[in-house]
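Several structures are given next for inspection.
Two complexes follow with subunit A in common, the first pairing it with subunit B and the second with subunit C.
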Partner chain A sequence: MLETSSTAAIGLHGLVKSYGETPVIPGLDAELRGGEFTVILGPSGCGKSTLLNCIAGLERLSAGRITIGGREVQEEEPKNRRLAMVFQNYALYPHMTVAENIGYALKVAGVNKTERAARVAEAARVVELGDYLDRRPGQLSGGQRQRVAIARAVVREPQVLLYDEPLSNLDAKLRHDMRRELAELHRRIGATSVFVTHDQVEAMTLADRIMVLNKGRIEQFDTPEAIYHRPASTFVAGFIGSPAMNLVDVTGEGGVLRLADGTALAAHSHRGPAILGIRPELVVPAPDGLPVQITYREELGAHAVLTLRLPDGTALRMATALGQRGGLPTDLRVALPAAELHLFDPLTGKALASATPATQTKKAQHDHVPS
Partner chain B sequence: MIENTSSIDRVAGAILIAGLLFVLTPLAFVVITATQSYEDFLRNNFSLIPGSHFLENFREVWSRTDLPRQTLNSIIVGGIVATGRVALAVTTSYAVVFFTGRGRGFVYALVVASIMLPLELMIITAYQVTANVALPLNVVANLGGWWGALFGGPLDLQWNLLDTYAGISIPLMAQGSCTMILVQFFRTIPPQLARAAIVDGVGPLRFLWDILLPLSKGPLTALGIYMFISAWIQYMWPLVAASSPARTMAVVGLTRLQEDGERIPDFPLQMTGAILVTLPPLILIALFQRRIVRGLTLSEK
Partner chain C sequence: MKQEIFRSRWLPWWLSAPQLIVLFLFFYLPIALAFFWAFHLEQPFGGGSEFVGLENFRRVLGSGEFWTSAGATLLYMILASGTSITTALILALAADRALKLSPLARNVFIWPKAVASASIGVIFVFILNPFLGILAPLNEIWPGFWNPRTNVTHTYIMLFVTNVWNAIPFTFIILLAGLQAIPQELHKAGAMDGSGPWRRLWDIQLPLLTPQLFVVIVLEVADSLSGSFGLIDTMTQGGPGGSTNLLVYKIYSDGFKAYDLSGAATQTVILMVLVACITGFQYFFLERKVNYDR
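Let's turn to the complex of A and B:
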């Protein structure tokens, strides 16, 4: 019954939202494909919740158009947009039982009692809510409340499901479980989903495509794989990945990228100033590499994160290989494999097209730099 | 607390007992006096030995004075004022907290400012308007004589509300403290609740009725009782607005129990009347005590 096959794409065309003089979203175009799970990711204040509220119809646009399933909806009431929303603090009605909470939208819409009961039971089954229909939200745990909130959304058989940071009030273990369940739920009901979060792990694990927002602009809108391996800007590079990608100012000349003091860092054909990016896990020890000093060591169990100091004082993070135990030599030398380097424009922060590394090279090829 | 607090407990207990004595001694005096006959009282003046005439006194208050009727008046006016104040507070607070409209801050400021303007300050104007509700209309219509010029005579509508329940109650309703308290409560309700309701397709009135009012049951009950009691103890305005004994409120009626000033006042009778007048609010508080305390903390789960 809830298995909706009609999936609706969401189109955002020249979307502008400002509060008074300050534009929160200065103009945004994107196409969210039907049935896809899109995660809107960004730091707080980047406009991601505003964007979601605009799609939901809770905020009026300052300019632009929104289409859902090809239909323009920016002037429609939220209830006519065929969407449902899950809120961060669940937003359950505290005085109603679980069943009443789930069925309230149907009641408002005038669905008769028998059909309502059947659909509530079906929605509760879909989210595996169990025997809690007669309880009140106050008697449920955080995870159960979240399920009720999701059931309340899916019971209306929406074309679009909107999630506003729905997992951030849960503890770490529960968040992990709910993440898996949300992914399964999405597979089952297939509605176009838009999920707002500031948590990159949620974004990476749930998304078909991630929209990285910064100050109301799209930095990159691509698959998790591409976002991680081909960041379009220093913002994306620094935001995704934990620990974050190293970003070092370099100058390229004669096939070598050098630090400000002239130390050769890596081999690359780029000429002129650039920002070099490399993931900490791709910095590798090499007997003939750069001599570095270990200034800080974070032990994470499966691996360790080291903060290194390069000869000129620049800090560089390095993650040791998974499962590797024991100390590293005190006279550590490291190399930055040329295939794993990202280069960004020092002025705009955008990725330099020529410098995109080959994505297939997961294992570092040890192209060492003559030092 | 983990530390030894027995000395603090003792001091606190002593302060509490002192406070209780301070509050209860006059009440005990009232009760004792109410049990004495007028003759006893004339002979012994005030005495601390209880008499046995309470039932006779009560019967006299009940059958020979206007006080029972006036107590009913107080219940009616208290009920109207409490309902009116709470209803106005609900609509005002709903508008102030859940809607973004121009000037709502200004409106709220005006409402709160009305707390600093008690009815006693405006009593002459209030009396004039209650004596003729159409008075403001007349004044505006006759400004510069334009009504007279158009219709050949000044507008002179008359609508007297003095000595009616409406005339006593409505001016007492216009008071902002209720709104202020309710605004604070509404602000503790997560705004996402309203957003969820909007997505669920709920209109503003239905949200108020289905969600906001059920959630505010506790605070609303507490507020209603406060407002009932604060109307109950009003003196100045009911004294002015109701002239006939049949419309006077109980607290005013109490002071009129002995008005001839010739003989020594019948204090036992007055004290019995005071007990009668105190009973309804006392019963109300006793019945709803827990709700009042819970409503005060403004936490509704």
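Let's turn to the complex of A and C:
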């Protein structure tokens, strides 16, 4: 077991980063709890890597403060921030052996040879690197290189581990395995981890909390469970979930939500225009429901994803129940259960508070604030 | 290779003929002739030659002038290639950083490539002229401060400065390309590992630049042995007092001014063997330190 220093919370206060005139991060406040695994999720160009580089100290802030373990670090060199980083393309030094790669930070820090060797061996053991210590990175597979990169990060016993899309260069099978190993590693060493990705599956499976970033702003920062079940905006709703949540323009009057042509879609007390959101897997067939046409069907083995056309031409995705195969009539009728509806403000895209599904307000289980 | 691309079996030969003829006439034929002449006594204005065995070599190697020249040549080789590679490396390292004027510098440093070394020599003779050049005012204050026409050290400094200027473009381009090929992530990883810019230079940049450094060392060393002719001919003509009479210039003056064709050919052969040995040495010993992993 690696010696772990007391975990450090990361505070981001009024953080601004611009390149020339263009603000990439126009002002961001967040508290990343100590020991927590935070995933920063967003589409490319949303500023997530920039944010990570700012925390790492590889980019200078334009304004704002960063605290790590209560200490202001925005003016500090990366090496003084007590953090380590795993890069997307591993960034191993090609001319050094695996052992030299892992031990480089210790060598720079002036750790003597015997202690260095012991700590390198320990770090290699933690990531189950086996006996590759004398090889060069060029002789290793993608997964092994990734392990070396992680060992290089943990060998310094950092308070904070930063990951910059570390799995995106691996193939699907390996990515799945590494994801599991990263989760286990986090449980073992317990350092505060910040993980940047555009992959929602990685975010959902690894994170204690997910920070969804869009154009440098936080759309939502919450547990995976809350992000999935209570998206704070249409952006989050559309970004998380596969297939993505249906978003339909509706108007509420007299306890019913109607499409533009007046078709009644679902029962709800909301009044006035809104964007209705419903997960494809929660659209259910109902004998007395809305008549729809199936325009496209994707058979995924365990279930199928249908594209339906509502009477006014609006498209609606529906995921069939597990194990249900074929057999759906072409004149399908569906219902949108009132308890599963999300309503968003048509102008701001923010969730309408009154419309949160009543069934999913239980407290998130992932909250474990270390003492 | 597919044979049927060419209908006629002679067509490939026709297509490569211009290249082969040029190579033969200006490269292989002179080499062959030099070897032939080195073992024969040639008459200066043609008309028969006499086989003399190793007599030419005995004569050349027995003269003190040859050994002085050979020593100067080796010294020039080490200092000229050393100074030009070091200068180009420093410039490339600077241009590799995203400094403000580095795009402009990358452009400007290529220009000397377009100037022949003889022209560069003429220009620098003027620039460094002790009476008219940029150092002339200093000569007025301290007489004799700078005089490459009489002071051997000054002469060599003048040659090295000119050679550096001449050699920068090629070396700079190769080294800069090598530096730019080093992924930015490695710098970031180094910075995260606590390694400052200077430490990263030694631990990351230079080891990863060894393939390019090897290429420029091989080329610059070979070039300093043969390519110095244009500079010496225009700047010093071997002077002062024969101190810059490097082999390549001595061969020219022995052969075409003193009409000792056999002696010149013999020294040519010696110079060729020297270049081949040095290059071979570099490949056998230096290349082992080159790291081609990327």
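The rule is simple: the second predicted complex is superposed on the first by the 355 of 371 C-alpha atoms of A that agree within 3 Å, B and C clash if a C-alpha of one lies under 4 Å from a C-alpha of the other, contacts with A are read in each partner's own complex, and residues count from 1 in each chain.
The rule is simple: a contact is a pair of C-beta atoms (placed from the backbone, for glycine too) under 8 Å apart; a residue touches a chain by one contact, two chains touch by 3 or more.
No experiment lies behind these values; they were computed from the predicted model shown.
Taken together in the superposed arrangement on subunit A, subunit B and subunit C clash.
In the superposition on chain A, A:161 makes contact with neither subunit B nor subunit C. Within the superposed three-chain model, A:108 lies in touch with subunit B and with subunit C [touch as defined at top]. Shared-chain residue A:94: touches subunit B and subunit C both.
In the superposition on chain A, A:319 contacts neither subunit B nor subunit C.
By the touch criterion defined above, A:40 lies against neither subunit B nor subunit C after alignment on the C-alpha atoms of chain A. Judged by the touch definition given at the top, the superposed model places A:138 against both subunit B and subunit C. In the superposition on chain A, subunit A positions 53, 56-58, 77-79, 83-85, 87-89, 91-95, 104-105, 108-109, 138, 152 are in contact with subunit B in one complex as well as with subunit C in the other. Across the complex, subunit C meets subunit A through its residues 183, 185-186, 188-195, 199, 203-204, 207-208, 291, 293-294. By the touch rule above, subunit B contacts subunit A in their complex via residues 190, 192-193, 195-202, 206, 210-211, 214-215, 300-301. Listing the residues of subunit A that touch subunit B in their complex gives 53, 56-58, 77-79, 83-85, 87-89, 91-95, 104-105, 108-109, 138, 152.
Residue ranges of subunit A in contact with subunit C, taken from their complex: 53, 56-58, 77-79, 83-85, 87-89, 91-95, 104-105, 108-109, 136-138, 152, 156.
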